[in-house]
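Letters A, B, C and D mark the chains as written, and numbering starts fresh at 1 in each.
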Amino acid sequence: MTTIHAKGISRRGWLRWAAILAAAAGLPGRVWAAMARPEAAFGATALDEAMAALGDTPQVHEGIQFTTPDIAENGAVVPVRVEVDSEALPNVSKVSVLVEMNPNPLAASFDIPPGTEVFIETRVKVAQTCTLYAVAEADGQLYMQSRETKVTLGGCGG
Amino acid sequence: MKKPNLEVALLAAWLCAATLAADDGVFDQYRDLMGDENPAVFVIDEGEEFWLTAQGPNAVTLESCDLGLGPGVTAGAYVRFPRHFADTNAVMDLESRLVYCMTTIQGRDLESVTAKPYSLRGDFGTEIEALVTWLAAESEGATIAPEQAHATERAMYALGKDIFFYRAGPHDFSCATCHEQSDKRIRLQALPDLTSHTGAAGSWGSWPAYRISQGLVRTMGWRLRDCFRQQRWPELQMGSEASIALQTYMAVNAAGGTMTAPGLKR
Amino acid sequence: MAGRIKIRAQKKGVVTEVKALMRHPMETGMRKDQAGEPIPAHFITQVSVLHGEQPVMQGHWGAAVSANPFLGVRFAGGEPGDTVRVVWTDNQGGTGEGETTIR
Amino acid sequence: MKALIAGVNIALTASLAAWTMAADDINAVLQNSFVAKNQATMDRLERDAVQTACSAPRGMLLDNDMLASLRAERLAAVVLPADGEYLGDWQRGAEVAGNGRGLQSSDDPAQPNGGNCYACHQLAPDKVAYGTLGPSLTGYGARGQSEAMLQYTWTKLWDTHAYNLCSHMPRFGAQGILTEQQLKDVMAYLLDPASPVNQAAE
């Protein structure tokens, strides 16, 4: 493991970030046109509203493997993994994770350039037992897979 | 969004089966997915930085602090706690020893260094938490071997045992209410039997621990304080006699086990 | 002490697996502190993984990503010794970055 | 705050005598080690007869005459419902059984206390988060609905020590943790045939 750390906003940090954006701008438009943050989807307070902000109604697709625990020890940290079989569902350029009952259902969205496996692992907060969705965008179409995760009370319930 | 009833029934059946096999088995899949990425690694680094940072009126680091193995010796020091120190003629836990070093070596004010030893909601770690985490990591893999040579150390064990079984408060709870039987759980959390070597070693050996539900590393001092909160008792104070006695009881029961802290807990 | 990142990058067959752990409170803005005062929202909004200067993934995050966030991604190519970098920015203008070499 | 500083001071400056004397007097140790916080006041550290008798390691209690008379005393002190009605509303009882809050320093005293039955007991078969410190009570209603059964169950909730001295269970009635109405609601949750406790798992 290697650690580097930066504190607060450094001029160097901003310059680097600008360089990344510039580098990204040179990539194929299919991927990096999507680089802007999907603000409307993040601001949505209901699942259907968030889905609509991401695009058309997603179709269930078996090429998406969505792994979440059946039962989570605590809703503050729920591990999720989204993996897409590129033969079953090619050209995925974006993957989003949504949590049905959260105040803002969209938790995270990932832009994925060609050459990157569609494989994302992260951990999200899940306010209460509900369904989680993984949505993949390929060639402008949305596809999805869903899983229910039960969230339990900790300790003495307090 | 309701799942079919069959699935609920299967889940219930599976949970019952899991209960028979191992009480905490229900979370195996969850823990597998979590992997071994423990955010306590950050707190270990922060603790070492605190140790090496000159602070207080004396503007010195804690490097001359004697944790029992001689000034500045940190490797393997944590597994010998709680222990008697000749300079204070008292049995101390790691937390109170650190406070002693901060006040005597660095010249810091006792009230300010003990004002907030443990993070509150919204905090992101305290100096004591970071130091304890780093020092526990400095004992990782070492055998738990608290000192019991001194009469006061043995008296602390006896006192800790008495407090462990002391029932009080509106709910009549003692530590033993939840921690004197094996293979039990509260809701879905497995409860260690702290009267047994196995239970005590697993528990003592894994604190301090990153508490994923709180996004923080918590120390054993905090763990005890929060147990008593749930026991409906008043608030246990850091470095107090009852806290050190209970830690001595646990550590001695855990002796011979392996220090694996900082752990990763729900 | 925000800003730190721990990164591991390992070559596994034809892909490189990157695991990154970030130090960040990821406050939703909906919690209150012990005194009942609201804790301001403070969360990473954007995170990028770069292989050399080439972005291999860019994430947009909301406050629902857990505290001390973990991110795992895989990309094709990458050779032992290559540099992998993870960079984030948060809603308060903070940034963090970490770097490692592929093993 | 005063005791906190006192506690640390003890750790910093205590003499050998302070520790050994303290070991002889556990109450003094507790008084020096804890501080009152919100509703969790220091008088909670004082033990009554049941707590004193039951503060021994499991299996070390002698069932002598003293303990037998203590049990009889507890049984005699049980207060049955004033109107003779044992059963309230099982839906409200379900809330009491699931609520783990109440009487902690972190709890709002204005809110009702919970019974937290699920911390230790399995009840409704479709609830997955239950503890195992106590026996499963799933299907409890099938144990009977007679007056004797109602009175037995009420007594167990009111003061477990009336039957089972030094049980780990709180004394929900005798210690004023739950109100009479809440106890009736929990009774209904346990005994009402319509309660989920008495339904087969879906």
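Convention: a contact is a pair of C-beta atoms (placed from the backbone, for glycine too) under 8 Å apart; a residue touches a chain by one contact, two chains touch by 3 or more.
Just so it is clear, the structure is predicted and the values come from calculations on it, not from any experiment.
Here B-C and A-C were compared by C-beta pairs in contact; the pair with more is A-C. Chain B and chain D have centres, each the mean of its CA atoms, that are 26 Å apart. Each chain gets a centre from the mean of its Cα atoms; for chain A and chain C, those two points are 13 Å apart. With centres taken as mean Cα positions, chain B sits 35 Å from chain A.
In chain A, the residues that touch at least two other chains are 1, 3, 71, 76-77, 79, 81, 123, 150, 152-153, 155-158. Annotation for chain C: residues touching 2 or more other chains are 1, 4, 6, 19, 66-67, 70.
Across the assembly, chain D contributes 104, 106, 118-119, 128-129 as residues in contact with two or more other chains. Every pair of chains that touch is listed here: A-B, A-C, A-D, B-C, B-D. Within the complex formed with chain A, the residues of chain C that make contact are 1-8, 15, 19, 28, 30, 45-46, 48, 50, 53-67, 69-77, 87, 89, 93-101. Only residues 5, 8-9, 11-13, 15, 19, 23, 26, 88-92, 96, 99-100, 103, 110-111, 114, 151-152, 155-156, 158-159, 162-163, 165-174, 176-178, 180-181, 183-188, 191, 195, 228-230, 232-245 of chain B touch chain D when the two sit together in their complex. Interface residues of chain B facing chain C in the complex, by the touch rule stated above, are 37, 39, 41-42, 45-46, 120-122, 124-125, 212, 215. Residue ranges of chain D in contact with chain A, taken from their complex: 98-101, 104, 106-107, 114, 116, 118-119, 128-129.
The part of chain A that touches chain B in the complex is made up of residues 1, 3, 67-74, 76-77, 79, 81, 100, 123, 130-131, 148, 150, 152-158.
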